[in-house]
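Right after this note come the structures.
Each of the next two complexes has chain A plus one more chain, namely chain B in the first and chain C in the second.
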Partner chain A sequence: MVDLEKLRTVAKETVSRDDVKYLIGWRQGTYGFRVSPHFMKEPEEAEKLIFSPLCSNNLATYLTSVEKLPVPRGEEPDTRKVALMVKGCDSRAVVQQIVEQGIKREDVIIIGCPCDGIVDLNKVKEKFPNVLELVQARWNNGNVVFQLPEGEKEVPREEVLADKCLTCRYPNPVEADVMLWEEVKTRGSDEYADIKEMEVKDVQEKKSYWQDKFSTCIRCYSCRNVCPMCYCEDCILDRLNPNWIFRSVNATENMAFHLTRAFHLAGRCIECGECERVCPVDIPLMKLNRKLYKETREIFDYEPGLDLESKPLLASYRPDDQEDFIL
Partner chain B sequence: MSEQFKPNIVAFLCNWCTYAGADLAGTSRMQYPANVHIIRVMCTGRINPLFVVNAFQQGADGVIISGCHPGDCHYMEGNFYARRRFTMLREMLEYVGVEPERFHMSWVSASEGAKWKDVVEEAVESAQKVGPFDQFRRNKINW
Partner chain C sequence: MYSMKLRKEKYDDFVAALGKQNLYAPQKKGETLVFAPVEAGSSIPEFLNTTVPPKNIVYPQTETLYCFQAGDTEMSLPEGDEEKVVFGIRPCDARAMALVDDLFSWDDDDPYYLEKRAKTTLVGLACNAPDNNCFCTSVGGGPASTEGLDVLLTDLGETFFLQVLTEKGEKLCQSLGELLEKAAEDDLKAVEKLHEEAEQKISRKIDTEGIPDKLMGLWDSELWAEISEPCLGCGICTYLCPTCYCFDIQDEVEGYDGRRCRMWDSCMFGEYTLHASGHNPRPTNRERTRNRVNHKYSYYVEKFGKIACVGCGRCINLCPVNIDILNILTKVKEAL
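After this line comes the complex of A and B, so read on.
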C-alpha cells in the first residue's frame, strides 16, 4: 500500500535531475481535510509531499495551464520536463492530452500512484463537522481511516468516497514512468444507474430538472478552469467576436454554456469528477458528462484516455457508424 | 379560432448535395412548407454543434442538418465526422429535455428534390406536434 518513503525518495531523485523543471504533487492543506497541490523545485521539499485519500485534485490540469511567455531574443526555450504525480483518473487525463497533442509524451514524467479512492469532502464534512485542525487520512483495506483530534476513526469506503471512485474502473494509472507501489484491485464497476434513471424520465421532467439545476449557475467557470481537458488557449467562452455565448447569467445563456461545455468534452471526458467537486453551487455536471461518456462507450465502443495510439473520438470515424436517426 | 402554429425551422445544408437538392425541388415546382430557413454551408463537417444551440437560442423551433450521403462527400469524409458529432449532440439534447422531434438530420443528394420535400414536411409536422420552443430562447427570460 501507500509508501510515503518511496514517494519522497522518487520525488527527490526526480527533482534532482537536470532535465526536470519541477514536480507537481500534493501536500497538506492549511486546515481540516484540505490538501493543496505542491510545485516542488528543490529536493529538500520532498518531506512536504503526501498521498492520502484526501488528495482529490487532478494535477494533470497544471500541465497545460502554464503561461507560455515569448522567449526573449537570444535565449533558448525551456525544454525541461515536468514530473507529475497521478492517480488512475489523472493518468487518463494525461494520456488524453497526449493523444490530442496538447502535450508531448517526452515532456512529462508520470509518477503513478495506484489509488483506492478519494473522499468526497461534502460527505466527510457531514460526518465530521467543524474540524479545523489538520486531519490526515489513510486507506485500510479499502476503508478510510481518519486521524481526527479525538483519535483514529475508520469509516467504510461507501460512506465517504466520492461517487466517481465508487464506480471507478481504472484505479491504477494506465501510463506511468514510475509506479510507486503495487497496483490496487479494481473494486468498482459502472452500470450508469443514475444516467439510465434520468434517461427514462419524461421530456418535461428532464427539462425542468436541468433548468432548475442550471438556473443556479453563477458562471464562475470553475468547471472549465479545473478541467484537465479544457485547455484551449482561445476558449470560446472568452471570445467576444463572434460572441457565441453571452455573459449574462440567465436561463438560456446558462443552458447554452453548459451544453457547450459538456459537448466540448464529448468523447474526451475521463470522468475525474473535478468539475463537480469545484462547483460552488453543486450542479451535477458529471450527470451530463457521464451521459456523453455512456453514449461514447455504447455507440462507438470507445473510451478516451486509455491508449496513447488511439485517435480522438470526434476526429475519427468508421464508415459503418450507426445512423439510425438520420432520414 | 386559433391558427395552426407555424414553426421556424432552420436548415443547415451542404453546398454540394442538399443545397442543390433543395434547388432542384424548387426548379421542379414542388410544393413544400415555407417555414424552413436555409443556411448554406460548404460541408456538413463544417457545422459546429453550437450552430444548432444558437439557432434554438435565436428562435428556431426545429433544426435540420442535411448533406451528402456517406461516401459522397465532396471533401471525402466531412459527413462522416458530422455524423459522429450529431449523434452525440442529439443524445445530449434529448437528455437535457429537448424533444428529439426538433432535431433532424438527413442525407439528401443533389438529385433527390422529392426527398428534401419529405424531410421538410416531416420536420414541420413534428415541430408542430411538440409546439413552440422557448427553453433556449434568448429574448425571453424564463427563470
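After this line comes the complex of A and C, so read on.
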C-alpha cells in the first residue's frame, strides 16, 4: 500500500543530508490528470511529493540528461548524490545505466516505490473527457480509484492502465536503497502477443505498416530525449559532419532515424514505454523496441537492467552464444 | 462581407468542386489528426483541433530552397507552388499565420513563404466547443476570430454557415456556385449565439497586461531554473506551435546532387545557436526556456506589437513533463 507519509519522511531525511544535491520525485501537475517531475531541494517541499497511478514519468532519464556547465576556475565540481524515486521499470533503467557505466552506483540514492501500474492518459481521457480540475488517483486492489470533481470513481485496471503495465513482470524495484512499502504482487505476464502478431506479416506488409507510422513523425526527438537509455553525449542525429541522418523530414530519413534508434536500444531497452507515451503523433515505438527485446532474450537469454553485476549484452561473449542467425 | 450556407450532405460535391485546387482538411493519419490533402469520398472530420498545426502548408518543415550539382556553379530553383484551400483551420491557427506574416515580410520579403501564403485560401471553422487548455481569448483571439481567414464557417448542425471575409474567400465561394445557399436572418442570430457561448466555454484565462514590459526584468530570476528543471529539451512545444518559425539551413548532398534546405529548428534543442567555436549563448534548458517565453511574450511584442502566441494549447496538452505556459505566465506575474 502506498504510504505517502513514509514517502515524505524519507524524502525529508534524504534532502537534509549534506551529500545529497536533490531528490527527484513526482508532484501534482497543473491541470486534470497531469503529474510533473519535481526536483526537491528543501525538506519543506516534501508535502508536494506524491505517488499514484498517475506518476508515469520515468525519472531515471534525469540522471544522465542534466546539463553540466564547465566548472568556473577555482570552484570544485558538485559531486553530491542525486536521490531518485523509482517504480519497477524505472529501477531497471537505473541498473542498466550503472551496468553500462553511464552513472556510478554510489552517486545515486534509489528510493523504491513498488507500483501496481500506471494509467494511460489517452485511455483516461476517453473515459473522463474535459476534466480540467486537479484529479488525484490511488490503487484499490489493483484497480484505479479517481477522485473526480463529482466524487470517487473506481475503474478496473484493464480499462485504464498502460499496456506495458498490464503485462509488467517487474512491478517492484529491482534495486533500491530504501523500499518505501511492501512489494506488490506481479499480476502480469508477457507473451509478446503484439510482437507475434507483427512477426507473421510478410516483409512488404511490415514495410508499409512502418512507412505509414513514420510518415507522421515530426522529428521532435521527444522519444530520444525522454529515453533513460538514450544518453550518448554526441548523438548521431545532431551531427552535421558527417551528416549520418539528414535533418530533412521525409520517409527515408524518418525510417533511418527510428531504425537506428531501435538498434541502439537492442539489449538495452528496459520497456518503460516512455518513448511511446510522449510521442505526440502516436507512433507505436514499443513495437520496435519489444521486438528487439524479444529477440535478444530468445537468442542470448539476456534481459537488461536486472542485475548490477551483469555485463552489457554487446560487451559480453559466451562460447556457446547462438550464431545460427549469422548468414 | 456576406453570408452563405453549405449543406453538410453536399460535402462530397464541395470536395469535388475544389479538387483541382489541392484541398487540405483535418484527416486521421494513423492515430493522429493532421492536415492532409482530401481524397474524394472522405467525410467531414469531427475534431477539436489537429495535433500538428497546419503551418507546414505555408511553411513546410523541410523546404528545398535550391538544388545544385557538386563542382558546378549552376543552381536550379524548385517548382512553384500550386493554389491550395485549407478547410477547417481553427481561428487560432489562422491568426498564427497572420502573425507570422509580419516576420516573413519584415526586412526582406521571403518569397518562399509569401508565395505559398498568397496561393492559400483559408476556410476556417469556428470552435463551438473549445478544448480544456484553449486560452485564445487571453491573447487577443477568440473561438470565432476572423483574423487571417478568408472564409469563416460555423457549424449549425445540418449546415455550415459561411462568412466571406476577403476577396480570396469571395473567389472561392463564387467557384462553388450552386452548392451554396443564401443564409437566412435567423441563421445569423444562431451563429452569433454560438460564438458567444463558445467564448463563455473557455475556462483557462490569464490577463497578459504588463507581462511583455516586465519579462526582461526577470532575466536573471531563479524562476527560469525552476520552470525548466524537468524540461527534456525535445521539440514538442516548438514544432507543434503554430507561431514558432525558427529555422536552420543545411546542405544535403547525395553523390553529386545537393540541395540547400530550410528546415524547422527548435530553440529547445541543444545545438540551437551553438557556435562553431563550441560556445553556446544558451547552454542549458534554463536559457532555452527563457528564450521561448521571452520570444513569444516580449521580443515579438517589441518588434511587431503582437504577442506571438495564439492560445491553441498544444504545448500544454503535449508536453511530456507538464510544463504549462499558463503556469509560467502566472509565475511571471507573481514575480513581477
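Note that in this section the second predicted complex is superposed on the first by the 325 of 327 C-alpha atoms of A that agree within 3 Å, B and C clash if a C-alpha of one lies under 4 Å from a C-alpha of the other, contacts with A are read in each partner's own complex, and residues count from 1 in each chain.
Everything below uses one rule, namely that a contact is a pair of C-beta atoms (placed from the backbone, for glycine too) under 8 Å apart; a residue touches a chain by one contact, two chains touch by 3 or more.
Treat the numbers as computed from the prediction; the structure is a model and nothing was measured.
> Figure out whether A:Asn225 sits in contact with chain B (first) or chain C (second), or with both, or with neither.
second
> Would you sort A:Arg247 into first (chain B), second (chain C), both or neither based on which partner it touches?
Once the two structures are laid over each other on A, A:Arg247 reaches chain C alone.
> Figure out whether A:Ser215 sits in contact with chain B (first) or chain C (second), or with both, or with neither.
The answer is both, since A:Ser215 touches chain B and chain C.
> State whether A:Glu199 touches chain B only (first), chain C only (second), both chains, or neither.
After superposing on A, A:Glu199 lies in contact with chain B but is clear of chain C.
> Scan A:Asn57 for contacts with chain B and chain C and give back first, second, both or neither.
So A:Asn57 only meets chain C here.
> After the superposition on A, what does A:Gly29 contact: first (chain B), second (chain C), both or neither?
After superposing on A, A:Gly29 lies in contact with chain C but is clear of chain B.
> Which parts of chain A are touched by chain B and by chain C alike?
In chain A, positions 215, 246, 250 sit in both the chain B and chain C interfaces.
> Going by the contact rule at the top, pick out the chain A residues touching chain C in the complex.
Answer in residue numbers: 29-32, 34-39, 57, 61-62, 65, 67, 69, 130-132, 212-213, 215-216, 218-222, 224-226, 238, 240, 243, 246-250, 274, 277-278, 280-283.
> Spell out the part of chain B that touches chain A in their complex, as residue ranges.
49-50, 53-54, 57, 70-71, 77, 80-81, 83-85, 87-93, 95-100, 104-107, 115, 118-119, 122, 135-138, 140-143
> Can you list the chain A residues touching chain B in their complex?
Of all residues in chain A, those touching chain B are 198-199, 203-211, 215, 236, 244, 246, 250-253, 255-256, 259-260, 262-263, 266-267, 288, 291-292, 295-296, 299-300, 313-315, 317-319, 321-323, 325-327.
> Quick one: in the complex, what on chain C touches chain A?
Going through chain C, the ones touching chain A are 29-32, 34, 51-52, 61-62, 132-133, 203-204, 229-230, 232-236, 239-240, 248, 250, 252, 261, 263, 266, 269-271, 283-285, 316, 318, 320-324, 326-327.
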